[in-house]
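In what follows, a structure is listed as structure tokens, so that the remarks can point back to it.
Letters A, B, C and D name the chains as they come in the text, with residue numbers starting at 1 for each one.
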Amino acid sequence: MGILLTGGTVVTAVDTYQADVRLEGEQVAAIGHCITKAGDEVVDVSGCYLFPGGIDPHTHFDLPIGTMRTADDFASGSKAALIGGTTTIIDYATQFRGESLQEGLNNWRKLAQDKCYVDYAFHMAITEWNDAVAREMESLVTEQGVTSFKLYMAYKNVLQVDDGVLLSAFRQAARCGAILCLHCENGDVIDTLVRQAVQQGQTTPRYHSLTRPALVEEEATRRAVLLAKMANARLYVVHLTCTGALAAVREAQNAGQPVYAETCPQYLLLDETYYNKAGFEGAKYVISPPLRSRDNQPELWQGLINGTLQSVATDHCSFNFIGQKDLGLHDFSKIPSGMPGVETRLSLLYTYGVADGRINLNQFVALTATNPAKIFGLYPRKGTIAVGSDADITVWDPRYEGVISAKTQAQLVDYSPFEGFEQKGQAKYVYLRGRLVVAEGQLTSSQAGGQYLCRKPYSTGEN
Amino acid sequence: MGILLTGGTVVTAVDTYQADVRLEGEQVAAIGHCITKAGDEVVDVSGCYLFPGGIDPHTHFDLPIGTMRTADDFASGSKAALIGGTTTIIDYATQFRGESLQEGLNNWRKLAQDKCYVDYAFHMAITEWNDAVAREMESLVTEQGVTSFKLYMAYKNVLQVDDGVLLSAFRQAARCGAILCLHCENGDVIDTLVRQAVQQGQTTPRYHSLTRPALVEEEATRRAVLLAKMANARLYVVHLTCTGALAAVREAQNAGQPVYAETCPQYLLLDETYYNKAGFEGAKYVISPPLRSRDNQPELWQGLINGTLQSVATDHCSFNFIGQKDLGLHDFSKIPSGMPGVETRLSLLYTYGVADGRINLNQFVALTATNPAKIFGLYPRKGTIAVGSDADITVWDPRYEGVISAKTQAQLVDYSPFEGFEQKGQAKYVYLRGRLVVAEGQLTSSQAGGQYLCRKPYSTGEN
Amino acid sequence: MGILLTGGTVVTAVDTYQADVRLEGEQVAAIGHCITKAGDEVVDVSGCYLFPGGIDPHTHFDLPIGTMRTADDFASGSKAALIGGTTTIIDYATQFRGESLQEGLNNWRKLAQDKCYVDYAFHMAITEWNDAVAREMESLVTEQGVTSFKLYMAYKNVLQVDDGVLLSAFRQAARCGAILCLHCENGDVIDTLVRQAVQQGQTTPRYHSLTRPALVEEEATRRAVLLAKMANARLYVVHLTCTGALAAVREAQNAGQPVYAETCPQYLLLDETYYNKAGFEGAKYVISPPLRSRDNQPELWQGLINGTLQSVATDHCSFNFIGQKDLGLHDFSKIPSGMPGVETRLSLLYTYGVADGRINLNQFVALTATNPAKIFGLYPRKGTIAVGSDADITVWDPRYEGVISAKTQAQLVDYSPFEGFEQKGQAKYVYLRGRLVVAEGQLTSSQAGGQYLCRKPYSTGEN
Amino acid sequence: MGILLTGGTVVTAVDTYQADVRLEGEQVAAIGHCITKAGDEVVDVSGCYLFPGGIDPHTHFDLPIGTMRTADDFASGSKAALIGGTTTIIDYATQFRGESLQEGLNNWRKLAQDKCYVDYAFHMAITEWNDAVAREMESLVTEQGVTSFKLYMAYKNVLQVDDGVLLSAFRQAARCGAILCLHCENGDVIDTLVRQAVQQGQTTPRYHSLTRPALVEEEATRRAVLLAKMANARLYVVHLTCTGALAAVREAQNAGQPVYAETCPQYLLLDETYYNKAGFEGAKYVISPPLRSRDNQPELWQGLINGTLQSVATDHCSFNFIGQKDLGLHDFSKIPSGMPGVETRLSLLYTYGVADGRINLNQFVALTATNPAKIFGLYPRKGTIAVGSDADITVWDPRYEGVISAKTQAQLVDYSPFEGFEQKGQAKYVYLRGRLVVAEGQLTSSQAGGQYLCRKPYSTGEN
């Protein structure tokens, strides 16, 4: 009646050991030797690692931008996630101006409903602030399990809020036990630089990078840290890319401030020279913040090792090269910003992190599952392999060797930013709440079995 | 035939969950629900936490100092350890001048043999360096499982080595996969200050503290960090007490240097005002480094939370107030330096750390067991509750409330430095490799069942 | 035909020595022994220091705020300056919205013309930015000797500009050889805090301080430093008050960035407890940034000593307690912000700096005259006692002892923020371009002899 | 009866202005226009800068090392100094073991007496410490004008003292108003590395550099700073070469600790690649600390600009390549350590500092004269051009262009480490206490007219 995964090596954020894992219903029922029960289905996972199913805390599926939507919706995006070994995503729902938070959340819940193959939750992006929104923040936390909110320091006149709003939001978040996710780039400066570049005819993709230099990210990150400090609130810096921002985060942590930060595989593995590719190729890498110079990367890896960075997310936000990215063919500022990644997160971090000896297996698990679960209130239901936790298990075969390519990907987008990258290891089987959803690298079902996840607020006394 | 601990909450360095734990032979066989086997002894541990048995990586049992020995030998000290919830110690064996490392190690193994109630290993303290010693370091690592070595930057003319020796030792350790434990105080400066104080008739216990100011520890710690950096070697700073030394460690860690550090309960909870106690009372607190001003403590706690400090040890080194400490009645420099603590480590850290909300349960386990096990090559056999690990389990009853007192302690010493301190929680049952050794807070056997532990060297690629 | 000041001690930013100083026409003609010429007027200045006339680089005379103007206009303000030993001011001319820079400058030049008793120059405050303003910046630098410009990061909807404007202004300043003076407080955050305080009925003067915490200044200072770095431009931080901002400035300087900063006597000597004075007294101290906690002061003094801070200015901006400050009797946000100080700058810094042993005479001169002259392009005409420089000399009698009081001040305002403060030393004689303007502490003429000063731009290669 | 230098530009550490300078007797009598007296000798110095005569605070003339002495004695060395524009040196007298300080000082005074062409003072190097030496320190300060003392952290078994001695010396220096000059390299580590290198047959000059890595200097500098802090004493770090040591000094200064540091032209202009020169050429550059990698140089220059480094000295300690350096032909550890430089200090710093736009004229004067004079108690007699100061004036002709070469140097040594370096500017005339000693770049007299200088102790209250 249960499922026995036998012969594998269980990996948590702290332990690595050989044991059988027995799933019953939707949970892990037992771990150990000789724990099989009559009627159990026995699955041989010899030679494989059992990772807690990955949690990607930063995706944008079915996101409307101007007149278009991202290439991946919740169906295609979440299928790609599963194939890559990720069983939970936290997507960003957005309150567009004029909407209530509730309206924004409802819109996104509808987009995901019955289409999402992984379990899912939402951060709520706030673009307008007033007393009503403040009250809604509280009710979303307590009644709907939305315990993290995002604000943008960039995208002037669209998503950007001013520092007074940031402080107000931090204060309310601190009251509610919520955490704020901040996009840290100085939007006013970027707006000036972009307008000036376009005016001067600097319109190719590389100007995307040149008009968003690392200093605008460092500046905004320092500002975010100080605003959070004023409010005694928790801060999660999304998609951190550069050493200056990393230093800002580290200094705050050393002083005991509850600041967390994520980076993404693209910032660890790609760099700004990609914008110089021939023709319009650079547009594939137009993301915000942009790719940086390669000398930022050793410190980012070091940040993953020494705990400055808690999380590796994807910021998956895919646009087709043909038909979408090319909107900016003659003006980089019109290129939709974003790239795919939800499918390749685990394999890239495993290949270039674990297999290359930069991080160990426990750090891999912490970064891809346990830490995001703890920071965002999903733990202990998600994020670990422990008795009583959801049986979200990624059976990882480290012997697999392949090459990443758009031709073979599940993501519904016409290119891969990691085209040609070597891949070591693969999600051989994936279980979502005890149900086999991927076998031998293929989806086993055409049913979208993902559930909406209510998350817990932070309560004082936790660390 | 096994033992089933049922109804408790398993705590590891990352997870906290309710599950039964089944011990079979000397290991943990299974964790989960419905895992009992016919013939199992079932022990109800409802309401209790199951912690991995504590590892105290810094004890001095049966240590000879001049003409005396510490009050606790391996028998009394290890019994006290067990009662306090600690199942493994790493004691410091010493090569006295003129001896080989092997002779030193043999001496200590004899002291422990058949007398130690907990599993035990040895760091090897080196007081002389030459080519033969360098070769012995390697053979101790590879053949006898001694993978950590200690050197003293203090105790001039006795234990202290010079910086050339330190560098040589670091280099050899890096080659062998060993880690160096350093006592970081500037012995030359202390020697000068002590001689001068005694000469000026400043002989009461408080001058112990005044002749070893925090700056001599900060200085030595910075020096140790830079010497380790030159050798590309791993460093473990023992008994760190002050903010300056903490900053030195943190800066090194931020730069990616493999530096680890421990502190002790006395530095977290007592302070230098204890040296001003009436009469000769201050002698009870004569330890090296000495107690510091109270304003160091918030940063030390912060260091436990943010990972700068990996370990809470005791530096247990007990001397009776009557008959030993009083040797220095008229000259503080003759007071034997050290205090007991192996028995109260877990209860103090639980009471003032966990119960007071400073650290959480997972951090408690990491600091008292998992981190020391990983750093010193005992993991995964020791330091966690995982299938296949030794069944060293401390069943902790958080409902216990008591008061620490010399009258009720197991430590064979005539005072307690924590006399009158409140205690929350207690090791209700303790299992050592599957065998019940403490029940209801009392030893259950008069047999010394501790084993010598061979430890693993560090191998490149681990973090 | 010349004037010989004999028997005094000449003090420059580096030297202190006894010598006669001979003035001829408007300049210093000679320094030495036996330099008198036939016909010289000989003035005995035995026992006195000869300081270069003070330069106050931050005043607001005759400033319109809403429906009122400051209590001091250029006549009363500059007379008070002279009596206090200051012979040059740099006042802030303002471009109000809708005006060109030229219009703003013209307005201020008219206010000063024929009324100012000290030599004067203007920083130009910019409140709107566009291509025309950018071009005006250049012409003001090259044609009118205005080589410093001010922008406000505070005063939302009134003076505040956004970060894009700041960057653009920095870039243009770097091109023109100009320096930007920034008021570093986060106006968006302050606006939010003030509105919220008022809304909650928190209307007494102390809420002025609580709604502008030190962190908003630290944040803005860090932002200013990073924006200047992006533009490779020179930055002068006005009225720096707190340790966080000081650290931001110091870090930039250590990295070789040309960042300068001033503080004011009120931040060195008064503190936030003044806001708790009985009744409405606190309003006298309503300035922006507000007075801080006393623990900032040792680091500010240290910054004066170690060169982090180059300048002590006053931000003189006086409002009468009766009739002006009381506009905010029921709402702190309506209290006009500012206090007098131009008269007491030298005596306070001498009394509490030099006489109290915190700084030496050379540092005193550097901070009050030489550094401002060099930073703002007045040097070597102003700011030192050297052959060929303007004969602006303050003959300082260190034997004077008195008490500061509104009753005896020249400033045309009905209170003194330093009421009752001890004063050591006094400007016994003051010479402006070779003309005696103060004798025995009294003005010697009723004629406004101040000249407008064209300043030099910065040219690459200077340090 | 006086001398009038007319038409030149006077440069001090703060001012630059055109004026005549009138010398009378040994002092500067007047500066200004129209100051000539009947009978004055008038010297046209049009187009030249008048610098205060250079002060080289770090020379070793006639130094015995083992069986040899340095190539330059006080005659040849001081002649070279004059020709280079330096009018004062502070040489290092040494107490060899077994001697009293007084004996050491007497030995050096005899070496200089009647042979030295520049004014001179001595730092006293202490190699043994006891109560008698402590008392001597005080009497040298108060009775013989020796107010600075040197201790070595390197040269094990020869000059090196331990940290207890350092602390004792710092404490006594603080009592006496003296300053300690420290050679900051970790001698124990160097000794170990050198013995090991030689043992392994690594004997070419480049191993001199490899056995004294920058980290041993950084370590010792940090240690020196902390020991000075413990004693509340003043520290002057000699010949600082690397970024790590610079950071240690800067951090101390930021915290208000009175720490000063010097660097030398060789560390600003040469680098460790010189040790790889063909044959035995590298021996010419064997100095301690050794030349470093080029990437240290920008931060050293920055340290000169922002005031972290106060002084540019030479550590002139010359040995002939043939007959002296070649003692170490087969063993780098036998190469006498040191190089010449007293002659080229000003021209190198002028050429690569001022003419290349790295520093300005005032900084040049501060670094080469004013700061050393102030730090070491020679000011205001030496170190500036001011009325009443000694008429030590270097008339610098900036139009001179030449090339540095051993062939043309005055230094009595058979090579120049700066062979072939471009030189801009030259000491056209040099006056020592009012007497012309160099004209058109040539000595004008064969008489050694240097005087011994009694220096002043530091007194509290100075900065």
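By our rule, contacts are C-beta pairs under 8 Å (C-beta built on N, C-alpha and C of every residue); 3 or more make two chains touch, one makes a residue touch a chain.
Keep in mind that this is a model prediction, so the values were computed, not measured.
Chains that touch both subunit A and subunit C: there are none.
Averaged C-alpha coordinates give centres for subunit B and subunit C that are 59 Å from one another. Between the Cα centres of subunit B and subunit D there is a gap of 51 Å. Here the spacing of subunit A and subunit B, counted between their Cα centres, is 40 Å.
In subunit C, no residue reaches two or more other chains under the touch definition.
Working note: touching chain pairs come out as A-B, A-C, B-D, C-D. Looking at the complex, you find that subunit B touches subunit A at residues 10, 12-19, 22, 24, 28-35, 37, 250, 253-256, 302, 305-308, 357, 359-360, 363, 366, 370, 380, 384, 386-389, 460-463. Every residue of subunit C that touches subunit A in the complex is listed here, in rising order: 162-165, 167-168, 186, 188-189, 191-193, 213, 215-216, 218-219, 222-223, 226-227, 229-230.
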